[in-house]
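Input: structures, listed below.
Next come two complexes, and both contain chain A; in the first it sits with chain B, in the second with chain C.
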Partner chain A sequence: MPIEVKSLTHVYMPGTPFEAKALNDVSLSIHDGEFIGIIGHTGSGKSTLISHLNGLEHSEPGVVFVNGIDLGEKGSDLIAIRRVVGLVFQYPEYQLFEETVAKDVAFGPNNLGLDAAEIERRVETALKQVGLNPAEVSEKSPFELSGGQKRRVAIAGVLAMQPSTLILDEPAAGLDPAGRREMFDLIRGIHDSGVTVVMVSHSMDDVGRLCDRLFVLNKGEIAYSGTPAEVFLHESKLHAIGLDVPEGAKLARRLRDAGFDMPQDIYRTEDVCAAIIANLRGASDDKC
Partner chain B sequence: MKKTIIEARGVCFKYEGATALAVDHVTLDIAEGEFLAILGRNGSGKSTFAKLLNALLLPSEGSVKVNGITPTNDDDCYEVRKSCGMVFQNPDNQIVTTIVEEDCAFGLENLGTPPAEIRARVDDALHSVGMSEFALASPSMLSGGQKQRVAVAGVLAMRPKIIVFDESTAMLDPIGRRDVFALARRLNVEEGITIVWITHFMEEAAMADRLVIMDAGRVAMDGTPRDVFTQTEKVTALGLDVPEMMKLTHMLRQEGVALPDGIMTVNEMAVELCRLKSNR
Partner chain C sequence: MLKNITLGQYFPGDSFIHRLDPRTKLLATVALIAIVFVAQGFSGFLLIAAFVIGCAASTGIHLKYLIRGLKPIMFIIIFTFVLNLFFQTEGKELVHIGFIRITDQGLRMASFMAARLILLVVSSQLLTLTTSPIALTDGLEALFRPLEVIHFPAHEIAMMMSIALRFIPTLMDEADKIMKAQKARGANFETGSLIQRAKAMVPLLVPLFVGAFRRAEDLALAMDARCYRGGAGRTRMKQLKFGKNDVIAAVIMALLLAGVIALNRMNVF
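And now, the complex of A and B:
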C-alpha cells in the first residue's frame, strides 16, 4: 500500500490571529495502481493534503506513510520519497526556467546524479509520454511553446524522475475544451502505464469520467468517499457544500423520481442514454 | 431597435513578428444592454478582440467604434477606456494596492476626481459587488472570487457602459465562478451595463443572450446559445464542448428517439422524456 494517512490534522499559523485549521482528522489510504480524485472547493484543504503526501508539509510521527515509511519520523529520507511521489502543482508551466526544453526536463534526473546517457534516455521517454516529439521540441526554449505544450513539458520534468505515484493539482485549469480532453487522455495513458495517479479537481464531470475512487473534502474533512457512483448519490448534500454532480447523474435521478427504471449507479451520458432507451422501448413493448 | 454600442467593422490585428492575423476581418455589432458571450479555443483571437474593444490594442485594419468614439489618438483611447472597462483572467495581476478600497479608487484618482466623489463612487461600487465589509482588508487575504469582485468594483467606480470580462472565471473555483458570473448578470439586468463575457466554459456561454464562437481570428458562429449549440457537430469540430443534454439529444436521436431541437437543461430533457414515455 503506497500511501496511508491516519488522522492528519494541519493548522496554519497556530497561535496567531490568522490561525486556520486546514485539515481535521483526515484518514485515507491509496492503493497501488489506483486513479484517485480529490475534490472540494478553495479552502477545503486539498492542497494542504497533497503537500503532505510527499513531505512538503511536515507531519507528526505515525500519521503519513508512503511505502511504509513514516514521513513524520525524524531522519526519514524525504528526498527519496519525493522521487517516488511526483507532485505537479497548479499552473506548473510557471516553474519552467531552463534555456531549452531538454535541459528543463533533465533538471530533476541531473540532481539524482545519473549518467548522461541515462538522463538523455529519461528525457526522451518523458517527453514522449506527454505526447511531445523530442526531436522537435528538445532544443527549443520552453518559452516559445504554447501554454498547453509548456504544461506538458512541466509534467515531463516530474515524469523524468520516474515516480510510482503522480499527484496533479488541477492539471486542466485554464485549458480550452480540446486541451482538457488531450490532457486527460495523457493522464489516462500515464495511469495505464502502471503509475498510481491522484488528481485534484473542481470538476465532478472530470473526476467522474476518470477516477476509480473519490475523496470529497469540505472544510478540512473528508465529507464523502467511494466510487464516483456512490459519491454522486449525495446530490443535494454535495450541492449544499458548493459542488455539483454530473448532468447525467442529475437526469438519472429526475427520471427515477418520475417513474423511469434507472439503475442507481449511472452518471455517464452514454449509460444514461442506454437506460432511457431501454425504458422507452420497454414502454412501447408493454402496449404491443 | 436597440442602440448599437460597439461597432466592429472589418477589424484585423496582427502581432509583431506573427505571420497570421490574430483577428481576421471581424465585423460585429453589439447592442446596448446585451450580454454577449464569446467562446473559442486557445489562440482563436478572443482575447485580442477583447483588447481591441477598449483600445488596449488598435486595429491594423478596419475600425472599432465604442460608445460613439473610434479611437485614433491617446485622448480618444482614454475616453473609450472610461466607457469600456475590462476584467482580466488573473486576479493577482490587476490588483495594485494593499487595501481593497484604495484599489477601487485607483482609476478615479488618476483621473483627478474630487475626493468626496471618489468616496461615494467607491462605496457604491464595493456595495454593488458585495464587498463593503472588506473595504479595509488586504487583497492578499481574499479568495480568488473575492479578488475578482474587487477588480469589478474598480471598473464599476469608473461608471462604464460596457464591461469586458476576459476569462475572468478561468482561475476560480466553482463557487467563485458562480459568484462572478451572477454579478455580471446582475449588473447587466439591473444597471443595464453591456457585458462581453469571454470564456472557455460552455455552461457560462449557455446563459448569455447571444453567443459568438471565434475560430482562427474570425467569427465562426453567431446566434442565441440555443441555436448555436444545436449545431452540435459544428461546435465540436471547432474544438469546443456543447452542453451535456445537447450531446444526449444527439445520441438519443441516433437511436430513433424523436426529440425536438434545443434541449439544453436537465429539466427540459426530463420533461420531454416523460412526455414521450406517457405517449407510448
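And now, the complex of A and C:
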C-alpha cells in the first residue's frame, strides 16, 4: 500500500492557550516493500505523523493518501485502512486487556469479522511470527508474561490483522540490549516476509542498520530525508537538533578529518572496519 | 470525546484572582455559592452573573472555556428546568395544553434553578481554572487544619485530593492513547447500539485500570523513598500568607452579598 502525504499540518487544541503546532507542511511518500525510518527528538511530531498514516488523527481532505484513498475525505472507510496499515504504539504491552494471550491477539481479527477457524489460524501464525510458542503462551494471561513477551504479544495482536504496512513507534524502547537485538531481528523478519515497515526511533544506530530510507523530523518539519548515508552526512546539523549519527559514521568522519581516505557514504561499523583495513593495506603496500 | 472536560484544568496567569491566596479563593467560592442561594430575584442573579463575568474577564480566561465546561451538565440543567416548569402548579396559568400546565410561578422557579446551576458551575470552575491543583489542596489543608482537633484527617485528605487531581490529565492521556491503539486494531467506539458501545469500553477500561494501579504503586514507592510518613511534623517550603489583596477580595464579596440582599429587599423583579 503506497502511502502519500502532501503538505500535512497538524495543530493540537487550536484556539486555546495550549495550542501547539505538532506538524508543519510535512510531505513524504512510502513505497511498497520499503523499510522506512522516522527519526526525531522527543516532541518533534513523530507520533502525530504516524497517527495520521492510518487515520487515527483526522486530516484535511487531499493530504493523506493510502493506496490512493484520501483519508481526509468524508466516507473513507478508515476501518479498512487500519486493517492494511497496522500501527504498533510505543509501549504496546500496556494495551493488553484480555484474559488469555490468544483472546488478546484475536481482538483485531475479531473486529474484522472473520470466522473462528480463520481467527485461530491467524492467532497462531502471528504468535509464531513474533517468536512465541503458541502452545505454550496461548492460554496464559498476558499479565503473567515478562515485559518483552508482553510486547511481542501486543505486536502479534497487530500482525494478526495481516497488514501490508506495519508502523512501529519506538519498538525497542525500554528493552535491554539483548531484547533490542531480538526485537530488531523480529522486525527485520517481518519486513523480509513482504511487509512494508515504518519504524519510529530516536536511535540513529538502529535506523541506520535497518532502514532503506530515513525522514528526520525537527519541530514538526522534515529536516532531512534520504538514504541513511545521505542523512548522516549532516552530522553537525543533526547534532544541533539534538540527534546523533551512528558511531561508525562518527569514526569515519574523524578519520577523514585526520587525512585518511574514507568513503563518504559509510556508517555501518563493518564497512568502517573494512575501510580502515583497506587504508592499512594501502599504507603497507606503499612501503613495499 | 475526552477533550471537553475542563475539570481540574488550570490556566496559568498573573491576574488579581490568580495571585489571591488559595484559602481566600476557596472561601470566596463557598461564599459565592451561598450568595447564589440568597438571591431571590432576577436582579440578584444578574448582579451575580455580572460579577462572575467580570471576574472571568479580569483573569484573561476566555469565556468560551467557562461555557465549554457547562456542556457536560447541560442535560441536568435542562432536566431540572423542565421538571420545575411542569410540576409547579401554583400561580397564574400561562399555557395549558392537555395535561401540561405552565404557570408563571413555575417558569420563575425553573429559570431560577437553571440560573443557580449555571452560576454554581461557572464560579467553581473559575476557582479551578485560576488555582493550580497544588495551591488548591494546600488551601484546603490549611482550612481544614483546625478540624484535626477532632481527628479529621486534613492532611491525608488534601494529599489524596492533590494526587487525584494530578492524575486526571495523566489518565486522560493514557485513555486517549489506549483508545487509539485499540482503534488501530479495528475497535469501534463511535457507532453501534448502547450495549455494543458499553462492550467496546472493556478493552479501554482494563488497561486503564491496570495502568492506574501500576502508577499508584510507583507513586507509593517514590513517596516512601523520600521518607513520606503523613502530615505530622511536616513543614512546607511555601507558607500561605494573607495579604492586602485578600482583604480587598473579602470586602468585594461582602459588598456583593450586601448588594444581593438589598436587591432582594427592594423586590425589583
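The rule is simple: the second predicted complex is superposed on the first by the 287 of 288 C-alpha atoms of A that agree within 3 Å, B and C clash if a C-alpha of one lies under 4 Å from a C-alpha of the other, contacts with A are read in each partner's own complex, and residues count from 1 in each chain.
Following the convention adopted for this analysis, a residue touches a chain if its C-beta (ideal position, glycine included) is under 8 Å from a C-beta of that chain, and two chains touch if they have at least 3 such contacts.
Owing to the predicted nature of the structure, the values given are computational and were not obtained by experimental measurement.
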item: Which superposed partner A:248 touches (first chain B, second chain C, both, neither); value: first
item: Touched partner set for A:258, first chain B, second chain C, both or neither; value: first
item: Dominant contact partner of chain A by residue count, chain C or chain B; value: B
item: First (chain B), second (chain C), both or neither touched by A:158; value: second
item: For the chain A and chain B complex, residues of the former touching the latter; value: 41-43, 146-148, 173-179, 202-203, 205, 242-244, 246-248, 250-251, 254-255, 258-260, 269-270, 272-273, 276-277, 279-280, 283-284, 287
item: Residues of chain C touching chain A in the complex; value: 3, 11, 65, 174, 177-178, 180-188, 202-203, 206-207, 210-211
item: Chain C contact footprint on chain A (complex, rising order); value: 13, 16-17, 51, 54, 56, 79, 82-83, 86-89, 92, 94-98, 107-108, 111-112, 143, 157-158, 161
item: Residues of chain B that touch chain A when the two form their complex; value: 40-43, 89, 143-145, 167, 170-171, 173-176, 200, 202, 239-241, 243-245, 247-248, 251-252, 255, 257, 266-267, 269-270, 273-274, 276-277, 280
